[in-house]
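Down below are the structures I want you to see.
Each of the next two complexes has subunit A plus one other chain: subunit B in the first, subunit C in the second.
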Partner chain A sequence: MTTMEDKVADRGAPSRTFDMVRQAGSGDLSRLAVLVVLVVLGQIITPAFLSLGNVHVILMAVAAIGIMAYGMTLVVITGEIDLSVAGIAILSCVVGGLLIPTGSAVLVIGATLATGLLVGLLNGVLVAAIGIPSLIATLGMLGISRALANIASGGQALYPEPIAAYLWLGRGAVAGVPVPVLLLAILGVAAILLTRYSTFGRALYATGGNVRAAALSGINTVAVRTVVFMISGVCAALAGILECARLSYINPAGLEGMELSVLAVTVLGGAALAGGSGSITGTLVAAVIIGIVNNLLNQMGVSIYLQQVVTAAVILAVVLPGMWRRGIVK
Partner chain B sequence: MLELSRRQLLRSAAAVSALALVPVTSLLAQADDKGVHTILNELIKKYSDEAKASMSNEEVAALFEKDGFRDYLDVYPVGDLAGGFVWKPGMGATFTGPHSKLEIKSPFTDYLPLPEGPVLDPDKKYRIGLVFHGFNHPWLISLADTASWEAARHPNIELEVIDAEFDDNKMGQVIDTWIAKQYDGIVLWPSREAPMGPPVDRAIAAGIPTVSLDRRTSSEVISSEVLGNFYANGLQQGLYLKHAAPDGNIIFNRKDLGSTADSIRTGAFLEVIGNTPGYKVLANYHTNSQRTLAFKSTADALQAFKDISVSFNTGGEEAMGALDAIREANRLNSAPGGKKIMILANDDAREVLKEIRAGNIDMVSPYTPLIGDIGIRAVVMHIGAKEGKNEAPPKLIMTPNLPMITREKMNIEGIETLTPDEWPYAYGPEASG
Partner chain C sequence: MSAAGLASPSASRLGPFLAGLLRDPIVWLIVAIFAVGSLTSEYYLTAANIENLMRNIAVIGLLSLGMTVVLLTGRIDLSVAALMIFSVIVGVVLMAWLGSVIGVRWLVRGNTFAGPTLAVMGIALATGAFVGAINGIGVAYLKVASFIMTLVSLTALRGFNYVLTNGHPYYLKSPLFNWVGDAKLGPVPVSFAIFLAVLVALIAFVNGTVRGGRFYAIGGNEKAALYAGIKTARYVVLAFVISGICAAIAGIVFTARLKSVDAPLAAGYELTAIAIAVIGGTALSGGVGSPWRTLLGSVAFAAGLNLLAIWGVGTWYQNLAIGIVLILSVGLSKLSRKKVQS
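Right, the complex of A and B next:
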């Protein structure tokens, strides 16, 4: 039954949606400020920080996690969460890896991406069509994906060395720009266009802002949420390829805990887990912030254990003021 | 004397013989009277004593002190092999791994041997449980391979293999289940010491012989512990470095702080180089057995330091990650004087041997997972002792120290290194390319 409040909310939904889209990037300025401070700090601490070599190292380190985080951001904007990204990445790479003996790059890469798409679709159906909370559905899918990766590979690593095109995705360059960085940029632009300037993008924010209102205003929220899980699945698979190609090594036990790093980048990028907000530029900046922090700490010889503390502190330092402004925390 | 002449003859022959003959001749040449195990134990004692007396390299000493290596090294058992066994390269059986389906040459199948066929009472079925972690890890799958292979040689042994998936509680529950079912023996590969003590104590209290593999538990009443050779690993990394370069700027990719593998291997390495003034510690990372982390740490270190000459890696995963980062940065030959960055590794995975062959990784100290068979034989002997059929094996069953593998044959402080082609015991899938 539709109440008067609902009707009012419905009438207000479109304009609120546009507001959300417009304001999505408003927090990006504070993140950009943090980024600038880190860059300046980095150059002071290590003189070669802004060297081409070091910039290359930082961008390469964040390419895969950034691409995964793009997908996660879209999911989070709709008010859902995808904890299965690392599992999808590994399962996809193992499925593709099993086809390495065919020698066909199309088959190997195609199967990898198709697996990501398929598992994403499954996530979408479980969450959007069946109504299982995404936290539970994707947590389950994380376990299933990892287990299937182990079963399919017999627990043994796979080596994509014979597939030159596969390795090129992780190690190649176009006009001097590494392919993973290029993909990070291209997909970033595509995702920005999608979220900011398309009907689908507005549907994402509307669904995340108020799924019921969005549905009543004619948005197919089941389709929207299913599609974002599929996009997240493909992003995860592609990120998996980049990581595996870079090391020429598909480890069925690899990328352990990466889903939490991806989620951290997404949250640091300004996406609210409650849905309805978040931006791709914020996610990209957040990924670079994390990359710079890790790079600097490694160069300073800070232990990995302390690095985890510092990274968490940086996330809190960036996220908390915004939450405080929005009244989420007191 | 006759044997020495024969060895000399074979060594001379090696210089002129076809490549195919090299493995055979080298294996025989390694057959020193003492055996490599004893030679390495003597070197462990020598360098440990020297390091205890003093450590003149202040940077190395500071790292050694900071992470408390002495505490770990002093309690890590170093000793003789059970029953006076002398291991020589070339020993062992070849079979297809029941779990991995990979071709395996297992080095220690002659150690505490049991003849094929029924064991103990031929009319009785002996139920043995093997609980470990990691049907998702090549090293651990190989460990299970050797245990299952040994069990399959004896028709009256029924082996149940369970993967506790790195969950100590699950491992404890599995052991308790086997106690309830009154299994005849239990073999375990514990991930961590402390949590597995109580379940092992319960099994022993129930009269079930229990043997741990590779790692220890906190149980003081465990029947036997089959222990690895971490000490010899780190020692040989240090020996190689000292032999190859009197000085160098080192970056470390280490396993988890406080883990036995890290404490003993890194500690032993530092003991060896601790009295050589030319070594400098540039950076020290814990990359926790993750290739990706080792890659990232090394990539960042390469930006921070332009004069890295040595990459010390506590494990094979770390070494592969470091190598990939060095290659990606195009810095393989960027050590001072245009020399190659020396990469020191542990764990004789096939992919590591491939990089040794290619000259990218300089040396590896083998740490074989192919010891599950020893655990099965030991537990059977304990069951036999309980039934009054034989003597019990010793509580500490040391696995033989293994010589390092290098691209070319070398003799380093009495250790004759083996080349990858002379090493049939590598584990894991064949790296392509």
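Right, the complex of A and C next:
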């Protein structure tokens, strides 16, 4: 891919590694600083801010976005992007939802996750094997999956009420911890282990840093990128289940524009769209920051539309520091 | 893609230009769409449908033209759809407020705006240029990646749109809005004429001047362009300002046709604009593409959708077709290029 080579050439200064470390450092610090300030601010504004109930509310609100963002982070680390996550989530849930009359939880949930995996595989083949820029391939896939979801369901909402296990995923709790929050934590730990301590994780960063060098050093970059899109697809499908179970209905026109929110969380988490950097911890912190900001604004009675403006400002505030030291940025 | 196909028409290069045109798949795609359309539907080539087609091309074409200039520099502008609505809303709200200051009620019963239209349009254009400049400065001088910078402005502008309108549509009532939205100059709708004027201006600037050529230089190799003495940052800002102005013009044309402006309008149009530019052959990596080719892209896109609509194909099948065509058009060109290389 010439794009990747150009980018690498542009950043090819000898001190690149140090630059990256320094930037990651300042980024992480500013993110943590923002988080601490927000928590203190929250406690001052509302005394019940750090109560267990409110913490659960905050985490519940960002569980689906956070899980999607895990998948997106892996994709972005390899230097690609996945705009199709919201479409995959809806299509998967509709495919699973069509099996609700069977009454089998395994079948419904299994079909949902399998659809996510399959569409992710398709994304991976289009991007890694055929070489279509991921922005285009997944943008097309977003349209296709949304369209298929509406065609398959006839535009009608589906109701997962007969499947108890399905609803439990969105509304249940284990030892007082809501299941979505638990999943956010478990998948977070799994993804951190995967990115930090596995060969696959190293291959991710290597592929994103310089795809040709990674390929020459024996990494199967086509397989790495394909797997990453498959993981993103499954994460999207699971997040879709959480949302549909929480609302207890599957709306084929739902999750409108969620891909951009997920992307915002990923970017806020420090993953550079050029690839080769980013971390799951950063993404998790970013998701919590967004959750807290929205929670505080809700408690202060700020309209949901002004919340969008504030969210945008928060992203800029976290992303800006350290930026001007960079060379050419596209 | 041949060099001839990328160039804009000019008298001295007309021969090779026409030859390149005949080798261009998108030209044959457009010809095929019109041929199939005229064979399968007696309505396809009627004056009424062509007129409808031209109105459709005008809005998405204007957005894609601005997007093309930004893509040429290797950047991307996700804020265009939110901006096209925002600029008109700012125009209406600002004029309504000015009216209340000088004691005239321009916002009359039923949220209808009946004040000076030309001022609204002027403010809309200025707003487009201003937001474009902010995007450009953020990208070129503060070094925020364009995808992030414009994603942030997309989010913020959508929020502002709701805040400024309180969630209610404004209705636009004036002869000038009616003229822009409905009138025709001979057989050509005014909106399409505006699009053509912007197209010609952009072709003249981007493909006809040294300064315009620098967009290609920056997109091709930014470091080389910088070392060659081009003030790349200024040109990046300029590209975003052009995109912002194009978005504002698209907003004016779009809302004039609807006679109203509402916050949730045009959601997702930014992705359509990218798709059209890419179908027209503009590369996301920068340096390849031209306004002229984006015209072909928008004609192919609008004509194809129009044909599906005439066939009675449902909206969702249309969206399905857009997605498949987008992936196929880029995928096939990738595969054919791979074959040439090997």
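Definition applied: the second predicted complex is superposed on the first by the 294 of 330 C-alpha atoms of A that agree within 3 Å, B and C clash if a C-alpha of one lies under 4 Å from a C-alpha of the other, contacts with A are read in each partner's own complex, and residues count from 1 in each chain.
To be clear about the criterion, contacts are C-beta pairs under 8 Å (C-beta built on N, C-alpha and C of every residue); 3 or more make two chains touch, one makes a residue touch a chain.
What you see is a predicted model, and the numbers here were worked out from it, not measured in a lab.
In the superposed model, A:316 makes contact with subunit C only, not with subunit B.
Once the two complexes are laid over each other on the shared chain, residue contacts for A:295 go to subunit B alone; subunit C is not touched.
By the document's definition of touching, both partners, subunit B and subunit C, reach A:305.
Of the two partner chains placed by superposition, subunit B and subunit C are both touched by A:150. Once the two structures are superposed, subunit B and subunit C can be ranked by residues of subunit A touched, with C on top. When both complexes are overlaid on chain A, the residue A:126 reaches subunit C alone and has no touch with subunit B.
Residue contacts after overlaying the shared chain place A:256 against subunit B and subunit C alike. In the superposition on chain A, contact of A:136 is made with subunit C only, not with subunit B. In the superposition on chain A, the residues of subunit A contacted by subunit B and by subunit C overlap at 150, 155, 256, 303, 305.
Residue ranges on subunit C touching subunit A, taken from their complex, read 74-76, 78, 138-139, 141-148, 151-156, 158-163, 167, 221-223, 226, 263, 267-268, 271, 274-275, 278, 284-286, 314, 316-317, 319-320, 322-324, 326-327, 330-331, 334-335, 338.
Residues 46, 48, 51, 53-54, 57, 60-61, 100, 150, 154-159, 161-162, 171, 243, 246-249, 251-256, 294-295, 298-301, 303-305 of subunit A are the ones touching subunit B in the complex. Subunit B contributes residues 99-102, 134-138, 141, 257, 283-288, 290-293, 295-297, 299-304, 320-321, 324, 328-329, 351, 428-429, 431-433 to its touches with subunit A in the complex.
Residues of subunit A that touch subunit C in their complex: 2-3, 6, 9-10, 83, 126, 130-133, 135-137, 139-144, 146-148, 150-151, 155, 256-257, 260, 263-264, 267, 272-274, 303, 305-309, 311-313, 315-316, 319-320, 323-326, 328-330.
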